[in-house]
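Letters A, B and C mark the chains as written, and numbering starts fresh at 1 in each.
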Amino acid sequence: MTSLVLQGVGKRFGGLQAVSPFDMEIARGKITGLIGPNGAGKTTVVNLITGVYKLSQGSIRFGDIDLTEAPRHEVARAGLARTYQTIRLLPDATVVANVMIGMYRHQKTSLVSQLLGLPSSRAETARFRDEVFRLLDRFGMTRYADYPAGSLSYGDQRRVEMMRALALKPEVLLLDEPVAGINEVEAARLGEIFRSLATEGEGMAVLLIEHNMRFVTHLCDYVYVLDGGVLIAQGTAAQVVNDPAVITAYLGDDEDA
Amino acid sequence: MQPALSLRAISMIAQQVLNGLVLGGVYALFALGFTLIFGIHRIMNMAHGAVFMSGAFIGLYMVRIGLPIWAALPIAMFGAGLISIFVEVIAFKPLRKLALADAELASVISSIGAGLIILSVGQYVSKTQTMRFPFGTVPVDAIVVFGLRVTMLQLLMLGVAVLMVALLAYYLYRTAQGRQIRAVAGNYRAAQLLGINPNAIFYRTFFLSGALAGAAGVMVGLAFNAVQFLMGEPFLLKAFVAIILGGLGSVPGALIGGLVLGLLQSLSGAYLPALLVDAVIFLLLFVILMVRPDGLFAQSVTESPTKRV
Amino acid sequence: MMSFITPHLPLLDLIFIGTGYALSQAIVFRAGTFSVATSGFAALGAYAAAILTVKQGLHPAAAVGLGTLLGLLCGLLLSVPLARLRGVYQAIASLAFVEILVALILYFEDLTGGPLGFHNIPRVVTPWVLFLAMLATMVLLTLLGRGGIGRAFDAMRQDPAVAASLGVNPTRYHVLSFALSGAIAGLFGGLDALRNFSLTAEQFGFSILIGTLSAVVLGGRRAVLGPLIGTTILVLLPEIFRPLADYRQAVYGLLLVVVMAFLPFGVYDTIVMKLHNRKLARAGMLAPKVPKALA
C-alpha cells in the first residue's frame, strides 16, 4: 500500500527556518498524528504537502507520484484532500453546492460536452448529486441540503467541510485541527468516522493535526511531534506522551515557572 | 539645417517640460482627491470627474458675477466639497452596511449614477454649451525665467497645486483629525470603539477629495479656456495613470504620478499625433500594471496594520 | 401585435445586443475576474466584421464568424496579463486595454475610417437574428452554468485557494472564461456592426463599458437572466421618460443609485434570493440566517 512520504522536508521564509528538514511517513490504513504547541509549524507542514508553499528543502512523494513541485490543483488530483483550521466553506452557497465542488476530481466529461451541456455532462452532474446526497445521509445532514452553509452551526459547518473533503474520495486525508471548538461527544463521534475512514476497505492515509492530547492518543497509531519547526519526537502515542522532550515542549521547563 | 540640440530645441523642450509640470500639478490635485478616498475607504469614486466639473462650473459662475479669481477659487472648492459629500451620502452610505466584497461593485455603479446626476445638472445649467472664463480673469502677462515664458496662469496653477498639497499634507500628518483619518482607515468598528464617529471621517475625507477636485477643475477650466459638462470623463480616465503609477492610496504617489503624467502628456503631445498620445498614455498604464501594479509608493495613506487582501 | 412592436424595433435591437454584451461581461465576473474588457472585444468583432464585409466582400455570416473568432483570440491573449492582477487592478488594466484599442482604431484611419467612422455597411442583421443569437447565448451559458464549468467558476470566484485545493486548475478556467467572454462580445459586436450602416469607435468606449457593467450589476450577476433584465431596464426606463428628454441622463443616474441602494445584488438575484429564503423558511424547522448574498 502506498504512503505519503516526506523526506528532508523543510521550509524557509527569508531568514526564518519555519520548518527544519525532517522525515515523515503517512501510511494508508493508519491514522498518523502531528502534534505540537501553537506555532510549531504543523499547518505549515500541511501547506507544504498540499502545494500552498513551495518546499525549501526535501521532497514529497505519494507512491510513484512526485508531489514536490506540484501546484495545488495537481496535489488534489493526485488524491490528497485537506480540511482547514478555520472553516473555509462558501458561506452563501448551499450545503449541496459546497460538497459538490469536492466532486471535481471525478469529472470525466470533456470541456466541450460541458460547454454545450450535452447529455453526458448532465448525467454526470446528476450522478454527482446522488453521491453528495449519500454523503449527506451518512453524516445525517440531508435536511440541510439547500441551506446556505454559513447559516449552520459551527459543528455542522465542520461536518460540511468534512463531507467536501470526502467527496474527493481521497487516498490521503489531511485534517487540520478538525475538532477544535467541538464538544467531547461530537468529537468522539467524528473520531469514529476518522477511524472507519482509515480502516475501511483500501483505507485512507489520515494525518491528524491536533492539540487535544486525549483525542490524539485515542486515535493515532503513530505520532510526530513538532516544536518550533523542529521534529522533537516520534513514536506510538504511548511513547510520545511519556517523552520528556514532549512534556517540556508542552508544559515548559521548571525554570520558566 | 540647424544642429539637433540647438538652443532653440532645448528651450522648446524646456517649455514643454514646464507645461507638463503645470498640467501635472493639476493632475496631481485630481489624483490626490481620488486616491485619498481609495486609500482610506478602499472604494473607487467614479463621480470624481463630475465633482471636478462642478468645481469648474462654480468657479466660472463666481467669476461671472464679479468675484476675483482668488475669491472664486475657494468658493468653488468649498462647493465641490459639498457636492462630494452629496455623492457620499447617496451613493456610498447606503451600501456601507454590506460586507466590503459585495459592496465594491455595487458602489462603483452607484457612484457612476451619482456622477451622471451631477453631469445632468451641469448639462442643464450650461445648456450643453462650452463656456469660457471671461477674458482677464487671470492677467495675461507673462514673465521670462531662464529664457522660458511663464504666464501668470501657469504661476497660479503651480502655486495652487503646491499650496493645496502642502495644506493636505499638513492636515493629514500634523493634525489630530488627520491622524484619526489615517489610523482608522477602513476599520470602522475600530473607529467606533475609539469613540470616533466614522461618519465624520467619511464626510471629512469626501469633502477634502471634492475640494481638491474642484480646485483642479477651476485650473483646468482656466488653462484650456473651456468649461463643459463632459470635461470630467477624459480627465478621470487619464488620471488613472497618475494614480496607479504613484500607487493607489498613496499621497506622495499621487503627486509624483500626476507630475509624470503631465510631463508625459505634454512631451508626447508635442512630438506625436494627438490620437497616439492617448494610446501611449494608456499603454503606459497597462505596462505599469504588469510590471509594478502597486506603483512607486506601495504603502497607502493609512497606518492601519490591517491590510485588505 | 406587429403594429405594436414595429415602432419599438430599434429598442428591441438595443435590448438584444445589450444583453449579449452583458452576458459577455457576466461570465468573467462569474469566474471571479474583475475585467471590463467586453467593449474592447466587441469593438474588434465589430470592425473586423465591417471591414471584411465591405472591403473584402466577404459574406456577412463569415465576417461575423471571423469577428467572433477574433474576439475569442483576444480574450485568450488578454487573460494572460490579467491573471497576474487582482480586483480593482484587473478592472483598471482591462479599462486601459479598451482605451488603447479605441485610440488605435481612431488612429488607423485608412483601415477604420478613424474619427469619421466606418460607413456603408450593409444592413443585414434583423432583430430576429439578434434575438436568436441572444437566445442561443443564454441557453449555452445556462447549460454551462449548471455543469462542471459553472461549479468551477463559482468555486474560483468565492475562494480560489479552496477551489485549487479541490482540484480546480485556476489557469485553465480563467483562460476559458476570457475566451467565452471574448467570443460572445466579438459575436455581438459583429452583429452590431451589420445592423446600423455605420460604426464609430466611440460606440465601444467608456460609455458602453459603463452601460454594460451597469446592466449586469443592476440585473444580477449570478443568473443568466440577470443581464437580460438589467439591459431591459436600462433601455426601457429612459424611454418611458422620453418626454423629459433633457433629463434622461439624470433619470439613468438616479436609477443606478436607487437600485443599488435598495437592491445591491441586482433585481433578479434579489428576487431569487427572497424566494429561496421563503422556501427554506417554510420547509425547515430552523429559520436560517438571512444570507448576505446568493453566491
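In the analysis below, a residue touches a chain if its C-beta (ideal position, glycine included) is under 8 Å from a C-beta of that chain, and two chains touch if they have at least 3 such contacts.
Since the structure is predicted, the reported quantities are computational estimates derived from the model, not experimental observations.
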> Starting at subunit A, what is the smallest number of hops through touching chains needed to reach subunit B?
Replying inline: 2
> Which chain is in the middle, if each chain's centre is the mean of its C-alpha atoms?
Replying inline: C
>> With centres defined by CA atoms only, which chain is the most remote from subunit B?
In response: A
> With chain centres defined as C-alpha means, what is the inter-centre distance between subunit A and subunit B in Å?
Replying inline: 51
>> Can you work out the whole-Å distance between the CA centroids of subunit A and subunit C?
In response: 40
> If you average the Cα atoms of subunit B and of subunit C to get two centres, how far apart are those centres in Å?
Replying inline: 30
> Tell me, which residues of subunit C touch at least two other chains?
Replying inline: 292-293
>> Please output the residues of subunit A touching subunit C within their complex, sorted ascending.
In response: 50, 52, 71-73, 75-77, 81-82, 84, 88, 90-93, 97, 100-102, 104-105, 107, 109, 111, 114-117, 121-122, 124-125, 143, 146-148, 150-151, 164, 168
>> Can you tell me which positions in subunit B touch subunit C when the two form their complex?
In response: 44, 90-91, 94-95, 98-99, 102-110, 112-121, 123-124, 233, 237, 240, 244, 248, 273, 275-276, 278-279, 282-283, 285-286, 289-290, 293
> Which of the residues in subunit C come into contact with subunit B in the complex?
Replying inline: 34, 81, 84-85, 87-89, 92-93, 95-97, 99-100, 103-104, 106-107, 114-115, 206, 210, 213-214, 217-218, 221, 246-247, 249-250, 252-257, 260-262, 264-265, 292-293
>> For the complex, give me every residue of subunit C touching subunit A.
In response: 139-140, 142-144, 146-149, 151-152, 154-155, 158-159, 161-170, 176, 276, 279-280, 283-285, 288-289, 291-295
